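Presented sequentially are two complexes of chain A, the first with chain B as partner and the second with chain C.
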Partner chain A sequence: MGKEMKHFTLRAMGYASVSAAAFVTALVLSSELFLAASLMSAALFILSLSLYPRRCEVTREMEKDTVFEGEKVRVSLNVSDQRHLGNLEIFDRVSPMLELAEGSNLASLSPGSRGFDYTINASIRGYHRIGPTFLRRWDPLFLWFKEEEIGNPSQLTVFPRISPGRAGELILKDRKYRPGDMRLKRVGLGKEFHSIRDYTTTDPFNTINWKATARTRKLLVNQFEAESVTDVMFILDSRLVSRVGTIRDNPVERCIRFCASLSNELLNRSNRVGLIIYGSSVNVMKPAAGSGAHDQILHMLTNSTPAGQITLGASITYSLPYLPPNSPIFILSALNEDPTIRDAVKQLIGRGHKVTIVSPSGIEFEKGVYDNKVIPKYVLKRIERDNLLLDLRAVGARVIDWDPSKDVIWAMEEVWK
Partner chain B sequence: MRRIGASTIWKWTFLLMFLLLISTEIYVVTSMEDEGELSSLENGWAGASAFSDELSRRGFDVRSLLTTPSLLHEEEDPGNTLLISLGPQREYSLSELHALRKFHSRGGRILMADDSGNGNGLASRFEVNFVRGQLYDQNFVSSPDLVKFDVNQDFFDGTVLMNRPASLSFSSGQALIASTTSAWVDRNGNGINDNISTNQGEAPGIRYLAVISDPDFTEHGSGAAVFIADPSLFMNGMIELEGNMEFAVSLVEHLLPRGGKVIFDDSVHRSPDASGIVQRSLRGLAFATTDVNLKIVSGAMAVLALLSAAYLYEPPGKPGHDCILNRTGVAELVEPELLEGDLAELRKAVLDRIRVSYGMSVDDFSALSWNELEELVGSPGIYRFLRKGKYRGGVEELLLEVMAWERK
Partner chain C sequence: MNRSRIRPLHLVPSISLLLSGVIFTLIFGSFGSIEDWVMKGLGFVPFPVWFLSGAILSIGGHQIWKRWPVGTMKFVRRSFLILLGYIGIAVFVAVLTGEGEGMERITSSDPVRIWGILAWFIIASAPSFMGVLGIITRSRWARGGMALSYAILAASCMIYPQARSATIIGQDPLLSILFVWSIMIYMEGSNWIARYENENTPGRGPLLRRQVTFTILFLAVGSLVAYIPFMWGEGRFGIYEESTILGKALIGAVVLVPISLFALSKGFLDRRAKNG
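The block that comes next holds the complex of A and B.
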């Protein structure tokens, strides 16, 4: 129970002043009418103050406490004292990172009301706080009120949105033939259909495609994609300078959504995925597989807050022991304000990693802040960025320059190409 | 600056108003000197209850005003109302005089009897003056203090007996009672007519004991004020002597020919018993709320208090959800224009672009001569900028040229 604050209102002052003025006028004019008016005002004043609502409990019920970005959550607030004669003003504090989709988190409950509902739109990932509830108790005539914070805050966990991926190929240098699913874009013993070919005597019967055979009048068999598993590392740039544009949509959020989506695809195919997030510190998750790894990645991404200015070079130097040899590495970064990028990528490629850089262009997001007007500084930064991308390609990295107008699915398709 | 709390201001305001009320009470209570002589509520020898009772018997609506004549402002029918002020024991305040004058101008009637000079505040507004000093005349009864005067008016023809009367001087109006030619006023109070030796204005002559300010008030329907130089005429101990009662009643009937309300101003008297304390308290409260000056002070304080409270009053904030998702941030484009220092960065970026376009290492590129670089660049404008740091036209043109540049 928070500290209680008491306040009067201008209306209360009005009543008191009218009562006093009427009393003085009654004395001056010897008027019973004014005396009655004075007494009436005073009586109303006192009566209203005596009908304060009692202290009450407000409980919050959330439809779900874990959702993905873009989902909606219904929140219900219930008041324990349903027979109050005064008025209750309830404001359920909601994290500023959440949007109200329907209803309002502020309600004025008339005498006897039980509660109210509202719906939240979870637009951005994070651990968002809902509550505590701010309660303002009014007397029936809204003359006097008391304020207090009550109830415990609830937490709404919003995971980054996972976009559906498309089957594709990761060109791997170091394949590991374990049960799993890193498709190699070649015929093998996988589960995913690849093509149809003519039957040979060594083919098992269960691979015959009977429909195609009937249609073409010759025996045809299905071929399946070869599958492999591998360790894939994601290196995510979560520096403060990468959060340019709007809080809702910026390079960091794009990278996080991309990472969540692609890691989900890879884990679904039994690969092992690791994650390094750098910003104010370097957080490393060693490559792991399965739903546990998926949850761990989602929580790491959800908990990530753009901050700090640790460079890519420093974070790679720190996390080199955790990088599986020759594993493909995805660097997710806006590539801005970091002079170590070129050398860091060179270092990774030199160690045998296949480096794919997915880079949402930070200056394009910043240009959006200036209503997409082309300003001189933008041109300079654009030249520098183009130079950097050319340089990175020149040292052997695959660079995907992600225009903000393209969505995550586009970026994933670019990866699979 | 630290703001003073509303409660502090309210406390001080109420404290000041309370002190104001108390000081008013003290002033009113202590300003009375004698006991309640000539009060209509006093039944003793010096009271005026017999006169009041007689008027009641005659059908007048008799009231007693305990607080202040300022309340005459609210009198609804002043043309049929008579205020009687007998021997005021205090002077009227400015606001009370204003109220009495207003009452008269609205057609009200006033009867004032005084021999102390307290009534001069009102009388002077009607160009009448109570002259200080006892009047002596030849028609006294048993003692020179008790003097009989003949009254020959339409409403009364007879004799009245006065006890140690004063006298009146006036410059407008009409005398109702006059002395004989041998009357004189003892100005120095020594009981001796010493006008011959000291020439102090005690010369014998006609003196006036009753004056009416508006003799034709019945015709014009205007107000009227009668001043009598001896209030003892109305005392219980004197009213029954000679023709005093008839004179008094006739005068009232003359002033109120259609009957009406008679108000005895007992606010100028001091009640001797416990009820006097209540009366004085009420008078103080009424005084505080009716006196013009106090009204102004009280009103100003009330307004100040309200203004202070309104200034201090902070309406309860309407809580609202503040969504920050659309807040924007920039890093590299904080300053949208190119500054002087950015030109060096631009030069480096252009050189990098040329180097990368030709797939050269930094070392190889650094080893190039200016002529070789000029060949690689191809554009004279860009080359000039790279070599001398100068460019023609604006920086925007240079940027466009750089953006459009491609290797040969």
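The block that comes next holds the complex of A and C.
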């Protein structure tokens, strides 16, 4: 139970003062009118305060406590006891990053009601707090209230939105060969038998299943399970300077959504995925596979807050021991305010990594904030960025210049090409 | 929300204010005699005229203030200063050049009487002026000002006839209680509007009905309690003697004024703490 506060309203004070002042005036002037005013306002005041609601408990129930961006969550507040003549006003504090989709988190309970519901829209990733709940107990005429903080806050985990990837297989040129099999329950180019299907003119002859063909008297071919043994590393720029634009749509948020979506696709295909987030510090997750890795990546992305100014060069120097040799690397960055980018990319390519840079253009986001006005500063920045992208392509990196008007699915399609 | 639509809830304070004016006129039939005392010949102006002029002034003044807020406030402030300056000069001139002895020099002075008419105009039209302003602007201060100006006007209407006849002049019990009802309903009605104006508020209907029911119930109980003193008859309460009046005033002031001051100051402090 939190701190309790008591408040008289100005109206209550007015009635009390009128009652006292009118009584004095009634005595001085021997006036029945003033006496009536005094007694009636006193009766109103005293009777209302005498019917004050008892203390009660309020419990919060959330439909679910983990959602993805854009999903809605229903929150129900239930009051333990509502048999009284006063009024109950309940306010459930909600993180300012969440939006109310339906209903209100502030409500006066109508007579006989045992609670109320509201729906919140989880519009941005993060660990959001819902609560504590504030309960105001009023007298029937709303003259006086007691306010108390009750119940514990709940946490709503909002993971970044995952966009669906294209059907088919992501072509990662360099497969990694590990001891043992990495079989996928999907048709592919592996060695393990998967199923039989009808022959098509493009099938090689050595895949024809002669026994089955003889039995059915039509050409049938064997299909094999796909195998994938690739480690993919994501390097995410989470510096404060990369958060250009609105709080809900900026390069950092785009990169986070892209990372969540692509890592999900890669993990679904049994690849191993690792993640490095740099900003105020460098957080490294070694490549891992399966649903555990998926959860770990989502939590790391959810917890990421744009801050600090650690450069790409410094973060790569720190995390080199964690980068699997020759693994494909995705650098997700707005590529602004960082003089070490060229050298860092050169260093990675020199070590044999295939580098793909997915870069939401920070200056385009900034331009969007200023109603798409083209100012000389923008033109200079644009030229500077184009030169940088050319340099990066020249050293062998694949660069995807991500225009803010294009969505995550577009960026994923670009990677698939 | 469509503000131009008139809803029954919005009519409650307006009707209550109108009723209060009607009942006040009925309670204080001797209203003209006080006006005659202020300025001979002014007694023919009945209270409803002042009431109506206050309401019109309030509506007109609010329209002007909405267009020229700074200029209007400057004008009102300067007018009050001129009024105060005028009374100072008028009293000074009356003391130097007036006829008669002592206070008579001031009370019989025409310039002072002219100021009296202005002051009376402000006092007599203040209830409706403040009341209408409270409805239009939803100002709590205007609503409080309405109740206070009614109290001042009622006290003025009681003091003069009692002092002239040296007797206690009582008021009609039913009308007195009805008058208090009209003012209380005006106050509570304004609160209902503030609280339940938004028709989309969940549980609005039952909550409003409950508050209205309790207000009526409590006022009914208050009326029963308030009616008891009327049944006592005059007794000590009705004695018009200087010492009795002073004694009652002293008891009242010693016991109740501190309570009243404490209540008011606590209210203000609570509000300030709440608003940060």
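What we mean here is this: the second predicted complex is superposed on the first by the 349 of 417 C-alpha atoms of A that agree within 3 Å, B and C clash if a C-alpha of one lies under 4 Å from a C-alpha of the other, contacts with A are read in each partner's own complex, and residues count from 1 in each chain.
Keep in mind that, in the parts below, a contact is a pair of C-beta atoms (placed from the backbone, for glycine too) under 8 Å apart; a residue touches a chain by one contact, two chains touch by 3 or more.
None of these values were measured; they are calculated from a predicted model.
Trainee: Could you check whether chain B and chain C clash or fit when both are placed on chain A?
Mentor: These partners clash in the superposed model.
Trainee: Using the superposition on chain A described above, determine whether A:105 touches chain B (first), chain C (second), both, or neither.
Mentor: A:105 sits against chain B, while chain C stays out of touch.
Trainee: With both complexes superposed on chain A, which partner does A:381 reach: first (chain B), second (chain C), both or neither?
Mentor: first
Trainee: Of the two partner chains, chain B (first) and chain C (second), which one does A:390 touch, if any: first, second, both, or neither?
Mentor: First partner only.
Trainee: Between chain B (first) and chain C (second), which, if any, makes contact with A:140: first, second, both or neither?
Mentor: Second partner only, chain C.
Trainee: With both complexes superposed on chain A, which partner does A:24 reach: first (chain B), second (chain C), both or neither?
Mentor: Both partners, chain B and chain C.
Trainee: Check the residue A:97 against both partner chains and state whether it touches chain B (first), chain C (second), both, or neither.
Mentor: Once the two structures are laid over each other on A, A:97 reaches chain B alone.
Trainee: Kindly classify A:33 by the partners it touches after superposition: chain B alone (first), chain C alone (second), both, or neither?
Mentor: Touch status of A:33: second partner only.
Trainee: Identify the partner contact of A:13: answer first if only chain B is touched, second if only chain C is, both if each is, neither if none is.
Mentor: It touches chain B and chain C both.
Trainee: Which partner chains sit in contact with A:363 here, chain B, chain C, both or neither? Use first/second/both/neither.
Mentor: first
Trainee: On chain A, which stretch or stretches are contacted by chain B in one complex as well as by chain C in the other?
Mentor: 7-10, 13, 17, 20-21, 24, 27-30, 104
Trainee: Please give the residue numbers of chain A that touch chain B in the complex, ascending.
Mentor: It is residues 7-10, 13, 17, 20-21, 24, 27-30, 91, 94, 96-100, 104-106, 123-124, 134, 136, 145, 147, 241-248, 250, 336-337, 362-363, 366-367, 369-370, 375-384, 386-387, 390-391, 394 of chain A that touch chain B.
Trainee: Can you list the residues on chain B that touch chain A in the complex?
Mentor: Spelled out, the residues of chain B in touch with chain A are 6, 71, 74, 285-286, 289-290, 298, 302, 306, 309-310, 313, 315-316, 318-333, 335-338, 342, 345-346, 349-350, 352-353, 356-357, 359, 395-396, 399, 402-403.
Trainee: Note which residues of chain A are touching chain C in the complex, please.
Mentor: Spelled out, the residues of chain A in touch with chain C are 7-14, 16-18, 20-25, 27-37, 39-44, 47-48, 51, 85, 87, 103-104, 107-113, 116, 140-142.
Trainee: Which part of chain C faces chain A closely enough to touch in the complex?
Mentor: Those in contact with chain A are residues 27, 140, 144, 147, 151, 154-155, 158-159, 162, 168, 170-171, 173, 176-177, 179-181, 183-184, 187-188, 191, 195, 201-207, 210-211, 214-215, 217-219, 221-223, 225-227, 229-230, 237-240, 245, 248-249, 251-253, 256-257, 259-260, 263-264, 266-268, 270-271, 274.
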